[in-house]
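By written order: A, B and C. Residues from 1 in each chain.
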């Protein structure tokens, strides 16, 4: 064994492979503790039941249904996501593993790994909540393709916009509340777009090129690229 | 090949001065010991050298064949053990080492990780979750983690913390081996650990 | 000192002129159009400070000078203040002209989002203990918030059509009465002057506060060392 293996062997490793290592580790840890999944899914299921129980599937008239159901669905999705997406960073800080991670991984790899993990969580959340919402509320969707594209691109935007915020609040006090306070203004344009898109898919307005989906995709790309640039600043050395 | 140069380091915490004008150079094969009363800033000094904490004034530079290594990548040339560090509790010891190999971009092979665990006396417990480890075993695993990438600079903050006499012997072996590979900085108040140093800096003086 | 006196006289003259010199615009109930001389400059200053705060944040991230962060902070504080003023004056107009104080007009929606961003910005600043981190995080957040603003332009007007009187009152268009235009531009100048004056006061105060902390010395020294 000689000194400086890092220099000689780093060629085989890329940001992506390091990010994947972080992603898989988070998944493995999550699988064993169900730390984030429990809080997000329980929050989502509880809200869904509350909404479904108090409104039911007949209270809202047919004209109002497409819009109001889209609003309810996205409120459930966004606030469930806000309840748990900060967990992966907060847990690093609470468990005292943040410093070791800072010493071993490159910041961009950390960001990407955590982003992949958050997107996985969001995928699981949408996979469970969206079909149950449609069934429970008897939500009629005329354009399933547009609806699916909207839900998926909206989910990517949710993850892309909040991961860097999670890294900031993990290093601040009053974490839980702060995450929603900081994320919500950033997510608002996305949320409005997603509601509009889901409403159109339920009504059956097929605008060529699906403008809402394109806005959500553009939003995701912009937020992820900006985060990649800004994340190293958040990950750097501290005064204390 | 590698060398470390620390010049005029000074650290304040709000109004209080922790230490000032710390300067030294370190070359491969050398061991530096840092002592000082509790709260004199031993751990902080090590964290500054590692690049986790920003000094108030002064700078830390690491050179490779006379060329300065950029500050952002310095962290990855460092292996560090500190009481405040933790490894992932929900993973087994071997999974922890596997993760740090991959994240550091070292080709992972099970054999070298197992060899590392052998070296720190953990091979029987390699597949146990870290949550079930005793504090001494955790310390040994942290030592293994710090050595994974054969770092040119090894920073040991109280390496003997929670260790039994066998563990102390392991630390001694690690320091002796590091003399062949690179530089070592030990922060401790234990006489035995301070004695490993070729030079001693006392922060309380 | 002279600037302060001049500003006071100018501001007074504008207020008098706004009520006595300029005529009320046609097409608006009663004297409601006079809100133009106050509401629009307030909104202008709120936008200006949002932009200034973002630019100062970028400069801070590049150069790490405490003064740049102080500028970002004081611009954000003033932005919040003028944002609240514009919201209040806008609501008064909304009540008089559209019948209710609040009706989620696109302009109102965007100003609420701006208020939420400012609120979040200050919440973040107060939650980070480490002064260096506080500045970096605040700067990063304000850049992120700024990046989302263009999306609002696409998104918000699509929700409902705006009732905001833009075409009749837009000074860039030839429809505006010359007297009104004179007072309006004067008011814009007065509000910008007011903004610069308060901003400079706030900056001086922040610099004095900073001098008490050892950090101040620290950054000065660090520049000499050339660490950054």
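Some observations on this one:
As a convention for this text, a contact is a pair of C-beta atoms (placed from the backbone, for glycine too) under 8 Å apart; a residue touches a chain by one contact, two chains touch by 3 or more.
The structure displayed is predicted, hence computed values, not measured ones.
The innermost chain, defined by the distance from its C-alpha mean to the mean of all protein C-alpha atoms, is A. Note: the chain lying farthest from chain B is C, by mean C-alpha position.
Inter-chain centre distance (chain B to chain C, centres taken as mean C-alpha positions): 50 Å. Each chain gets a centre from the mean of its Cα atoms; for chain A and chain B, those two points are 36 Å apart.
For the pair chain A and chain C, the distance between C-alpha centroids works out to 32 Å. The multi-chain contact residues of chain A, meaning those touching 2 or more other chains, are 236, 238-240. Residue positions of chain B touching 2 or more other chains, listed in rising order: 54. Among all residues of chain C, those that touch two or more other chains are 132. Chain C meets chain A in the complex at residues 61, 113, 116-117, 119-120, 123-124, 127-133, 136-137, 140-141, 143-145, 147-148, 151-152, 154-156, 158-159.
Residues of chain B touching chain A in their complex: 1-2, 13, 28, 47, 50-54, 64, 72, 75-78, 80, 82, 84-91, 95, 99-100, 102-107, 145, 149-152, 181-182.
Contact residues on chain A toward chain C in their complex (touch as defined above): 161, 164-165, 168-169, 171-174, 178, 181-182, 184-186, 188-190, 192-193, 196, 215, 218-219, 222-223, 226-227, 230, 233-234, 236, 238-240.
The touching residues of chain A, when paired with chain B in their complex, are 1-7, 9-10, 12-13, 17-18, 21-22, 25, 28-29, 32-33, 95-97, 99-106, 109, 232, 236-240.
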